[in-house]
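Below are two complexes that have chain A in common, paired first with chain B and then with chain C.
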Partner chain A sequence: MQKTLEVLLLDDEPIVGRRLKPALDKIGCHVEVFENPKQAVARINEKEFDIVVTDIRMEEMNGIQVLEHVQAKWPRTRVILITGYAKMDLAREAMGKGVFDFIAKPFRPDDLRQIILNAAESLGISVDKPSGITEPVEP
Partner chain B sequence: MSIIIIASDTAEIEHSIAQKVAAAMDYQLLDRRILEDTAKKYQIDPGKLADAMKTTPSLFKSLSSGQWRYLLACVEAHVLDRLLADKIVCCGLSAHLYVTGVSHALNVRILSGDDSQSEKERENRLQQRKKWSMAAYNEDETELSRYDLVINLDQIDPAEAVKTITGAAGYRKFQVMTYSMKCLSDLALAARVNVALLKTMTDISVQARDGSVIVSTKAGNRQKRKKVETIKELAGKVEGVRYVEVHVKKNLLGVTTG
Partner chain C sequence: MDQHITDIKDPDIDYGSEPENIPLHQRPSISIRAKIAISFSLFFILSFTVTVWSYWILTKLEHKIEFLEIADNYMVEIQQARRFEKNYLLYRTDLDDALGHLKTADKILKNNSEKIEKILGPNHFNTMVSYMSKYHDQLILLGAAENDAAKEAIVPSLRQFGSQMVSFATEFVEKERISVTRMFLLAKRVPLYFMSAIFVLMVFVLVFLTRQLLLTLNRFMEYTKRIGEGDFSPITPARKYRDEFTKLAEAFNHMIKELDHKHNVLLESHKLRAIGTLVAGVAHELNNPLNNTLLTASMLTEDYEALSDEEKREMIDDVINETERAQRVVKNLLDFAREGETEMALLKIDKIVEDSTRLVVNQVRFAKVDLTLDCEPNLPLIAGDEQKLKQVFVNLILNAVDVLPPRGKIRINVKKDKVPGYVLITVEDNGPGIDEHIQGRIFEPFFTTKRRAKGTGLGLSVSRGIIKKLGGYIKLKSVPGKGTVFIVSLPATDSPSEIMSK
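Right, the complex of A and B next:
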């Protein structure tokens, strides 16, 4: 099934959204970027996204709470966690709670695009293949 | 998919449980049979390799501390490369001591339940393993809190133990993710660099991240510059290394260690 992949990207560091949005646009995703978790959750309440990509460590609400909110509201949505503070215990906690994938910053946009492709495939959605290597995204 | 690492104070029990878990999950079994390949790969004596896996160096043995560390580094690098393939049950290779921080590696300790051993024999064996693991990796392998799952065969039948392990391996938290695979490939790269350096040097510690490698070592003032150059040259030749940084601590004894 070919369709535009609806992606919500949440990170309180503005540069992350600025760098990743164009990279995901290139593979045909429609990306909505948020820096405030509460605003992101309000948007999630309104719209079922195919994929939510969220940072973990944020003020007001952390990525695990966002994951739990998404799961309660839209069980089909795939959640990908990104963090600059990755540790084994946190990775296991996130995996145990049902996150689709977990990636440590810094990473290359291509790494995230590959995860997005995997998530899309798990949803039965086909998207364009990524091309080219881009610079790493810093935490 | 995950990696299951099984350790016990009794090698036979460790291997028997690992074999059964591998068969039940249709996973590959990685055990001491790979030491032959390790010896060939690094052109070392397989007998010395097997010896290094169970004894520590001393003044009375032919194996020096430097040689011993090099042999262990060869095993570690070879095992880590094999573990990148995933869906593996590993035993007998002390992987529980160096596969650390990898969330999809389920570390299991089997408490033996071996009736043929007296309490004293069992205690001696544990003390030997503790001494070896502390010397080799600065980790006490008899410390149970470092394992994800501990099964006491005095209380649980081997068949039930196998079911428990396969059940736990199915938990979501032990599944492969991008982060855990990256942690494993970083460990594998660090181990390859370690082998390249330990062949001719001592006092080496290596960390890797995404192709960048940090090597920590010791050197006296006179040897410092040459040692840094040599490390950069040797580590830079290892496949997958893109950048090498060397941190040198002053060798207070003024002894050249490489």
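Right, the complex of A and C next:
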């Protein structure tokens, strides 16, 4: 099965979304970027994403809460957590709640792309250019 | 550490003007034990002397009274002898009566020669005996004389020796009588004198005990209180002599020095702990700009050919801005962690408080606590050490964060104090508050309500030290269940703003 990966990216740092959206577009993802967790959750309620990538530390609502929400609504959706400061207790809590993977700041776009490809694979979705992630790509 | 000497003195006691200026180890050494020993020895020597003296004088009196009895008997006999001598001369009665009395008198003398000799001395005793024997010889001569004419010739010498014998004895008896009276008087008075002396001694010991011991103990109690409050300046007890209290003072000063040293070590560890707390927050704060920089730079390389000049410029600006953001985070932490001497500068207090809130922004965010800062405009400058003041406010905010539940509130207010020339900073929380019975102890060093591993119990005591040194004060108002407000007042300074270091 070949289709576009539907990805929701949530981080309260605007630059993260600005840089990662084109990076993920290149591996055949369709990325929706959010800086506000409330708005992101509202969007999750409307649409089933394949993958949700969310920062843990945010105002108003944290990544774990987003994870719980996604799990409740869309059990199939893979959730990837971004942590600013790796803390074991948080990781353990998230693992228990069915998080797909973690990525710690600072990371390279490729690091996330690899995790996303893994997630896609676990979903049984083959992506457009699985081998092209390290090659410069024409827009 | 500041070393202002605050010796606590009792205003009612005249310590003399000099002793304080003499170093403890140079003062003459008289121990309290020695003073007490001297007092007791004096008491003992006095009692012993009086007892021995009383014994001696009573023995002497006994002898004298015995002597007086003997002397009285003797006097009676010789006076009788003389009466019979006169009767003989007038009426030619029997001379044997006179000789008989004289013989009895002689017997009295001979029998009691030792006792009499003891009182009169051997010379006077011999004189007495010789007068008597001369009179006796004259009486014999008188009895032996054949006619009246011959008798008349003896009479003058007889009378002379007779009266000499009597007057000598009378004189001595009289003298002894006077001496006995005098000794009685003494024996009566000396115990009274002794009692007075004991009374004076007792009063002195009492005064000594209350003044020197109790008052000094009180003063040492004041010292311990002062040390307990974290004042580690050495003590200088106002005492003229070296004694146990001087040694105690030296021991105290040694302890104070050790405490001060350990306190400083602990201050450093407290600061390290605070830094540790901040670092946890800073790591997160630092990873965000680092991540932004890394992502931006990575994408810039990856898409270099495809990006427009405008996009490239935007991304390069992002890299610069995010790098500077990281630099600020690090600088804030370094500023806080900086070691070294107090650096006095003219400071904007609102900026200090604002910087402090920025330092703890992550702790505040993690704890989901709401922090608001209100600064009155046109605040006067204050003189102080920037880092130390930040330490105070960081500490106050972190304390509040520790006790607040999620969605708790911290309100910080900076304004002019009602007292002119002072700036007032209040850090208010709506946490559980502080129980009244520990409110008084909260500024004591090592006092902590936090779990063992969490608090050193030094934060507030250090804060108070810093604020006190700047001429301000820090106090708290707390209603259990409602919240706590810490009030810091700092003196504003009139100095021109040009000498501001920043």
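Just so it is clear, the second predicted complex is superposed on the first by the 127 of 139 C-alpha atoms of A that agree within 3 Å, B and C clash if a C-alpha of one lies under 4 Å from a C-alpha of the other, contacts with A are read in each partner's own complex, and residues count from 1 in each chain.
Criterion: a contact is a pair of C-beta atoms (placed from the backbone, for glycine too) under 8 Å apart; a residue touches a chain by one contact, two chains touch by 3 or more.
Being a predicted model, the structure only gives us computed values, none of them experimental.
A.B. asks: In the superposed arrangement, does A:28 touch chain B (first), chain C (second), both or neither?
C.D. replies: neither
A.B. asks: Quick one: is A:109 in contact with chain B, with chain C, with both, or with neither? Answer first, second, both or neither.
C.D. replies: A:109: touches chain C, not chain B.
A.B. asks: Just to be sure I follow: which residues of chain A are touched by chain B in one complex and then by chain C in the other one?
C.D. replies: Touching chain B and chain C on chain A: residues 104, 106.
A.B. asks: Under the definition above, what is the set of chain A residues touching chain C in their complex?
C.D. replies: So the residues of chain A touching chain C come out as 13, 15-16, 19-20, 22-23, 57, 59, 84-85, 104-110, 136, 138-139.
A.B. asks: Please output the residues of chain B touching chain A within their complex, sorted ascending.
C.D. replies: It is residues 101-103, 171-175, 177-180, 182-183, 210 of chain B that touch chain A.
A.B. asks: What residues on chain C touch chain A, complex-wise?
C.D. replies: 280, 283-284, 287-288, 290-296, 298-299, 302-303, 305-306, 318, 322, 365-366
A.B. asks: Which residues of chain A touch chain B in the complex?
C.D. replies: 86-88, 91-93, 95-96, 98-99, 101-104, 106, 111, 115
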